[in-house]
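What follows is a group of structures, each given as structure tokens.
Look for chain A in each of the two complexes below; its partner is chain B in the first and chain C in the second.
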Partner chain A sequence: MGYAEITLTALPIGQQARVVNVGMQGLTRNRLLDLGLVPSSLVKAVRKSPGGDPVAYKVRGAIIALRSEESRLITVWPLD
Partner chain B sequence: MNCQHVGTLKVLSKLNQDKSDAVIALAGNPNTGKSTVFNGLTGLKQHTGNWPGKTVVLAKGNYRYRNKIITLVDLPGTYSLLANSADEQVARDFICFGNPEATIVVVDATCLERNLNLVLQVIEITPRAILCVNLIDEAKRKGIVIDFPKLEALLGIPVVPTAARDKVGLAALKESLHQVVFEHKQLQPLSIRYQERIEVAVATIQREIEPFLRGKINSRWVALRLLDGDTTLITEILNYISGTGPDSWEQGSNELKAVKCYE
Partner chain C sequence: MSNEENCFQGIVAQAQTAGAEVGPVRDQLVLDLYRQTQEIARQVVKRQGKKEDFDHKIDDFVTSKYFGYPLMLTLLSLILWLTVSGANYPSQLLSNLLFGFGSHLTAFCQWLKAPDWLHGILVLGLYRCMAWVISVMLPPMAIFFPLFTFLEELGYLPRVAFNLDRGFKRAGAHGKQVLTMCMGFGCNAAGVTACRIIESPRERLIATLTNNFVPCNGRFPTLIAMAAIFLSALVGTANNLLTTGLVVGVVVFGILVTLLISRLLSQTLLKGVPSTFTLELPPYRWPKMGTLLIRSVLDRTLFVLVRAVVVAAPAGMIIWILANVYIGEVSIIGHLGGFLQGFGYLLGLDGYIILAFLLGLPANEIVIPILIMSYLSEGVMVEPSSIEDLHRLLVANGWTWLTALNMMLFSLLHFPCATTLLTIRKETQSLKWTVLAALIPTGVAILVCFLVAQLARACGLV
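Here is the complex of A and B:
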């Protein structure tokens, strides 16, 4: 509570958030929706790769890796 | 596009020539143990076939159950049937135009929620679907409890738990499939309702396209895909209809284009 919307890129490791918007178009958007990353989904930043990008996220029971070029287009609502 | 489609039809007609009482499609996300289910059912008697023009491989195999020969077609593992990739297009085209008598969707019991997206997409195309919840042994190890009767009631299709690696549940899967295909067990799959304005648009398009589809393809599903602006599907439908129906290609083509402009 008390947080504002942030991009998924800004979500600290270990923290959970609720997806607000998947702000891209076309195939990338479809693919992310197919993987369960839809508005209101719970998402958790799990760990960073050695270079800091991509980052692994837990979504609907599965872990997926997203590059920052994708995650910065996704807005989330951080949860405690 | 045309070239690839000719190849698709060739493979399909080859399938139909085989001595078999029913063709069953096996769909599922990647890494759900779909091929293990396939091998478990067919006893590894599969041969793979290439869909010309694409690097997608389809495995095909047979088994006999209660005096019926069942041909299983192992579709590429996909997260979706919205044709974002060649794999997805092949899977979608087979379920849609390959006329399988039923489709088994294999899902991973350890991340069921994510897998249900594909299940909903499949039952939106065809009512003759069976859900195979695989890897129940791993789910149990992870402390995941699944309420199978409730899942079955919610989805309206048979749900069969399996651990294909240890051959658990495969007999039940064969029996369930037999009932759906040969005993015409009535299924009432969950029907997904969209927002009112989408439903209105779908109903309008459905009325327009129904005469062209002639009951061969689910018109509600086609209307939804037209609203998505899925042009690959329009091409496939036109090829499919023109390849099997007496009407001229051109006529159907113009009308469908008209529908597209209209929406």
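Here is the complex of A and C:
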């Protein structure tokens, strides 16, 4: 694995990654956990909205859109 | 006492340490739950790879940089065009039917030798107001709603929220506000209730206070009628295409005002940073057409009919009385209209229009019937049963294209109806926000109409 940890925001469209850390607390964190976005789950950047933000991610078969404010707090380990 | 206090603080400290440890435990719990569900899902769920690819391709188009926005505008225009051009014929049919029955009622009253005032209140007031609301409101809504529900059930609306979120983020609001606005097309009270889907209180309040800028069920037909009148006054003809274009323009203007006011609110009364945003883009589903048609048509028909009976009928009665009880030489409604005339003129409207909006507080559907009755009480003997008749009646009362345009703008922007205000009171639990929910739109409506009227007059356009 020639990659280092990056934020989810930096994950290019079409690439898959494994979640390392969800760096937020409280309601937001719970909401993401509810969606299955927990450390070690797979996530794939699927598409950008026409304005570039939010970005849609595939998590456990569902497509979830996140704003960069949220995705920048999530660190992931990109996979080939 | 100090012993107990110590004991209490000890417990609090213990709870705090335990709380800090719960974080990872909670993650582990969620992780294990997902591991198990995944295992179960692997055994029993068959994946349809093709369907996912297909959804992916649709989304590539629907949310693309170049087609995303034009597609939204095209779909909105298409729905409105189908509504405008499809509603004409059934509207006329219903109107002929209901007003035809009205003359039978009149004949019946004469046969009974009923006193004039009774015939006036029941037939000319109650029945006619109801007939107007039904024939003007029902057909557009019975066409608009199935189409809209189709897009909703298809799963298109979350994509709209996805596309537009950036604009709403800039306005300090939430992308899901788009979904509450979509509900507002049906009924602003429903739109306000729908604001519950926005988790953050600040953004929910913004969505609640601005929902009114989406024209609801009760205002859409008014806008369509006014658009037709505006166009025939300005360019001499009003075909369905032009009318649709104008109504789309008004709706888009309403969306821009929503964004602007949201931004102002989030910079002043509701300061704060945009909160978190998570939005699911569900898989596309082909709606069950039969159920969709029956449900949305029946639903809307019932909605309009109930409103016609509950609100329009009593309002019709009251307005007829106001229009036919004279104080001196002038009817009560004439006095009220005269009192508001100066203010109305400043806004490019007239006193009766302002009065109609004020008396229409219980329901936007009755604004036009009230207006017609006010004009009829002045002695202009036209019985408008179609848009053309209505046009003649309005022109006879001094209407220009500016009156029609500002009537559209005022209708789009003014205070929400009583039902919506009560819903806002219930949802916000605050009298202050309810009052602001009425004052902010009214202020915007007055300002916009004033500017348009003064500009048009200064340029000598009217």
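In the analysis below, the second predicted complex is superposed on the first by the 80 of 80 C-alpha atoms of A that agree within 3 Å, B and C clash if a C-alpha of one lies under 4 Å from a C-alpha of the other, contacts with A are read in each partner's own complex, and residues count from 1 in each chain.
Here, contacts are C-beta pairs under 8 Å (C-beta built on N, C-alpha and C of every residue); 3 or more make two chains touch, one makes a residue touch a chain.
Not measured: the values here are computed from a predicted model.
Touch criterion met: A:Gly36 reaches chain B and chain C at once.
Touched residues of chain A were counted for both chain B and chain C, and C has more of them.
Annotation: chain A residues 27, 31, 35-36, 60, 62 touch chain B in one complex and chain C in the other.
Partner chain A is touched in their complex by these residues of chain B: 79-80, 82, 84, 110-114, 117-118.
Of all residues in chain C, only 26-27, 30-31, 34, 38, 56, 59-60, 63-65, 68-69, 162-163, 165-167, 169, 175, 199, 274-282 touch chain A in the complex they form. By the touch criterion given at the top, residues 22, 27-28, 31-33, 35-36, 38-41, 46-47, 49-54, 56, 60, 62-67, 69-70 of chain A touch chain C in their complex.
Residues of chain A touching chain B in their complex: 27, 30-31, 34-36, 59-62.
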